[in-house]
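Got some structures for you, see below.
In what follows, chain A forms one complex with chain B and a second complex with chain C.
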Partner chain A sequence: MSQQLPAILFLLPLFAAISMPVICLKHRHWCYPISMAILAAMTLVSILNLHNVIHYGEVRYVFSGWAAPFGIEWVADGLASIILVLLSSLGLLGVVFTGPTSPKALGGRIVHYYTLILLLISALTGIVFARDLFNLFVFLEVAAIASYALVGVAGGRALFAAFRYLILGTLGASLYLLGVSFLYAVTGTLNMADLADKLPLLLSSKAVVVGLVFMFIGLGIKMAVVPFHVWMPDAYANAPDSISPILASLVTKVALLAWVRIIYWVLNVTIVINDIPILLLVAVLGALAAVIGASLALAQRDIKMMFAYGGISHIGIILIGIGQGNQTGFVGGVFYLLNDAVMQAALFFLAGVAFCHYGIRTIDDIGRVGKQAPWVIGSLIVMALGMIGLPPTGGFFGKWYIILGALEANNYVSVAAVLLSTLLTLAYFVKVFEAIFHQTSIQSDVQFGEIPLSFKLTLGVTSAAIIILGLFSSPIVQLLLNHTLPPGL
Partner chain B sequence: MVILPHDSIIVQTLGRFLIPVVQMFGLYVLFFGQYGPGGGFVGGVILGTGMILSVLIFGHDASRSQIAKKVLHADGVGMLIFAGVGGLCMIGGGEFLNYANLEIPGLETASRRSLGIVLTQIGVAVDVAVTAISIVFSLSAEEIIEDSING
Partner chain C sequence: MVDAFFAVFQRPNYLTFVVIFLWGFYIMVTRYNLVKKLIGMYLVQTSVIYFLVSISAKKGATVPVLLSTTEPVQAASYANPLPHVLTLTAIVVGVATTGVGLALCAAIYRKYGSLDEQKILERMEEIEALTNKKFLKD
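And now, the complex of A and B:
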């Protein structure tokens, strides 16, 4: 039974997604509770799976019973299982939040809306588990197509953002596929473990180098690393409020995970191509993303745009951690990834509540309703602490381990980039709080009622999670050290 | 805008002949996929084409086109068949889609494998056919899709 858990985790949301149009044909309002129930079940199963993996070791799952290099292999190792707990629980919260905020204009399409959300989550599960480059591509595409549709579902300006996302995302996917086909042409295999055996001897081949470059650019577009980030703020800011938390917290992070898989599990850590160590490139890209993303966030007035650019800078910080090539940096990067997913979800929940309930879109509006929105302001303070990285929150410990890792690798540029991006993050949150607490203009006269339970729940749980990840950082980091390290690190 | 019947008698008459042949050929290709070239995807495309042809020739409201309109609701049915076969294999104790463990009583391993692959191919065919039809409908008349969704 425990051997089947990876497939069950994938099939739960997939089954629900494809049977949703049939079940909910007559009863539209069933979609919401069914999706919640399925994702709650998935969260429980993913926790069970994590427990199994920690106690009995990783699970290798071969589809159709064909053994690894020929068949399609999934591996539920520590890293995948931890990310999956995160993915299913944030997916659950995202769906809880979706109920009262989903676009009213959808009408009968609401069924397809939930279908797409569940399909997105099952595809992300596939990306997390896949150990086959082509299988990874298939799930990347399923996830991407579901997110294009979800971004554009509200119409209007969102359609434009979705179209741009579609063009760039498809470009990314095509580059990735081209890269995979180059590697396949040279090695004759798509399985990651098999590639890891064959590639080191073939690094002088131009096809391998070009293939790897294509794959990294393709995945780079998917995860919005800095030179390729242009689609991301627009898409996430214009997506319906109910969907941007799921997109912002999960899609880019899972693409980043795929990148980490290829760097550490397919290529070797110490790999050097044409005198350039790959990991150094990752760290430099990360440093650029961390600083540029945070500076762009500073320039925004729209809160969703600001949070989206903040997300870009945090992708950079994770990459800095991953790129140090030592255990501390890697664990710091993964821990920061967990934190960042929670923080991005929290920030976009907050932006959603602020808009749906209070009509707030820009920083200036926040000041006007500040005193009437205790839940929004309270959770905003916790999130700001987490984003800046102050001690009781997980953000602090993530950055702490990343900086320790960078110091261990004598990589002072990375340290400087993390600190600079922290300062810039502080700066743009100061801008927000300045608007709230030093607002001289008149408070709004409109009376806003109590916010709905689902809003309180999502804001409360994510804010609590930011603090809890900080308070329990040492057991979590210990767990990551014991179970998520790639081979040879 | 709704698709109107084609006004040429030649097209109408030929359509009456051709559509059943196309459908039969689609089924043949689908099941022949076990032993030679063919299979779910191609079979599904041909089946879908047959139905698209009937919509284009006899119009959207003709009784011959009813099946194509009904089929639109079956978006997920093909995938349900596929995933259901996989699930039956898991219930039988094997991996997803390991047909040797297909949990259908009274069958030997060899016929389980054969039946499993046929069933998944049927699932694929249904999905491909439905997708082809819904692409044509959504390109030609948005209201059809809208109406069928809103009941």
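And now, the complex of A and C:
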């Protein structure tokens, strides 16, 4: 039974997605509870899976009986299991939030909307588990197609943003596939473990290096690392309010996870550190992204735009941690990835509540309803602490380990980049709080009333999670150190 | 230099791949019409698929069905089936993406009455200015 858990985790949302249009044909209001139930079940199974992996070691799942180098292989190791708990629980929260905020104009097509959300989550599950480069490509594309459609649902500006996202995302996927075919032409295999055995002997081949560069550019577009980030703020800011938390917290992070797999699991740790200076590239691009993303965020007045650029800078910080090539940096990066996914979800929940309940789009408007929105202001303070990285929150400990790792690697540029991006983050949150607590701002006369329970739930749970990740940071980091490190690091 | 030139012409498939890829990329970057952009994107996808197929081509090889069960298997006499299978999947993915892209184009055309990127951006500004005016009046 425990051997089958990876497949069950993937099939739960997939089957629900496929059967949704049939089940909910007559009863449109069923799709909200059904999606919630499926994702709640998925969260439970993923926790069970994590428990199994920690106690009994990793699970290798072989499809239809073809052994590893020939068939497609999925591996549920520590890293995949932890990310999967995060993915399914954030997916659940995202769907809980979707109910009252889903676009009203959809009408009967709301069924397809839920289908796409479940399809997106099952594809992301596939990316997390896949240990086959081509399998990874297929799931990247399934996830991408679902997200293009979900971004476009809002209509108007979102259509154009979705089209840009589609053009750039497909270019990225094509480049990734090109890189995969280069590696396949040289080694004749697509399995990650098999490639890890064969690549050390083939490093003199230019095709390997060129293939890796193409794969990096392709995945870089998918994870919105700085020179390739142009699609991301537009797409996430214009997407429907109910979907941007799921997109912002999961899609880019899971693409980043795929890249981590390729650096540390396909290439050997000794190769990345000694032969191909790919970690240097990752750390430098991360530093650029951290600083540029945060300074662009500073220039925004639209809440969602600001948070989207903040997300770009945080992708940079994770890359800095991953790129140090030592245990502390790697664990710091993964821990920060967990925190950042929670924080991005929280921020976009907040932006969604602000727009759907209070009709606010820009930071100047927040001040006008400040007195009437205790939940929004309270959770915004917690999120700001997390984003800036102040002690009781997880953001602080993530940055702390990343800086320790950079110091261990004598990489002072990275340290400076993390600190500078922290200062810039502080600056744009000061801007937000200035708008809120500025005494002269005119209070709105409209009575907005209580926010619905699902809004309170999502804001409360994510804010609590930001604090809890900080309070329990040392056992979590210990868990990451014991179970998620790549072989040989 | 001359050697490099001849080496390129030894492998016309690589040359074709590069030409199609860059052609598609050029269309994507320079054209303002959204459908033309999609065509460029499709060319890029197709070029990668073409590359994947062409690296598996082999002279004098046949389909990978065993010719005889008694003799030992001669790998050299069979074409590698895996890239073709991968190609099939990649084509399906490409078709799905193009479908979503065309649907988005249709929705954009219905909303803004044009497929030209610059005209669409102009209309967007106009509509936004109108809604802001209404907002101020209210």
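We adopt the following convention: the second predicted complex is superposed on the first by the 482 of 489 C-alpha atoms of A that agree within 3 Å, B and C clash if a C-alpha of one lies under 4 Å from a C-alpha of the other, contacts with A are read in each partner's own complex, and residues count from 1 in each chain.
We adopt the following convention: a residue touches a chain if its C-beta (ideal position, glycine included) is under 8 Å from a C-beta of that chain, and two chains touch if they have at least 3 such contacts.
Values in this document were obtained by computation on a predicted structure and should not be read as measured data.
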| item | value |
| --- | --- |
| Clash or fit, chain B versus chain C on superposed chain A | fit |
| Partner chain in contact with A:F163 - chain B first, chain C second, else both or neither | second |
| Chain B versus chain C as contact partner of A:Y148, first or second or both or neither | second |
| Partner chain in contact with A:Y184 - chain B first, chain C second, else both or neither | second |
| Touching partner for A:F63 - first (chain B), second (chain C), both, neither | first |
| Which of chain B and chain C A:S174 touches, first, second, both or neither | second |
| Touching partner for A:L201 - first (chain B), second (chain C), both, neither | neither |
| Touched partner set for A:V138, first chain B, second chain C, both or neither | second |
| Minimum C-alpha spacing, chains overlaid - chain B and chain C, in Å | 8 |
| In the complex, chain A residues that touch chain C | 134, 137-138, 141-142, 144-145, 148-149, 152, 155-157, 159-160, 162-163, 166-167, 170-171, 173-174, 177-178, 181, 184-185 |
| Touch list for chain B against partner chain A, complex | 73, 75-77, 79-80, 83, 86-87, 90, 94-100, 149-151 |
| Partner chain B, residues of chain A touching it in the complex | 4, 7-8, 11, 14-15, 17-22, 25-26, 61-65, 107-109, 111-112, 115 |
| Footprint of chain A on chain C - complex, ascending | 25, 28, 34, 37-38, 41, 44-45, 48, 51-52, 55, 83, 86, 89-90, 93, 96-97, 100-101, 104-105, 107-108, 111, 120-121, 124, 127 |
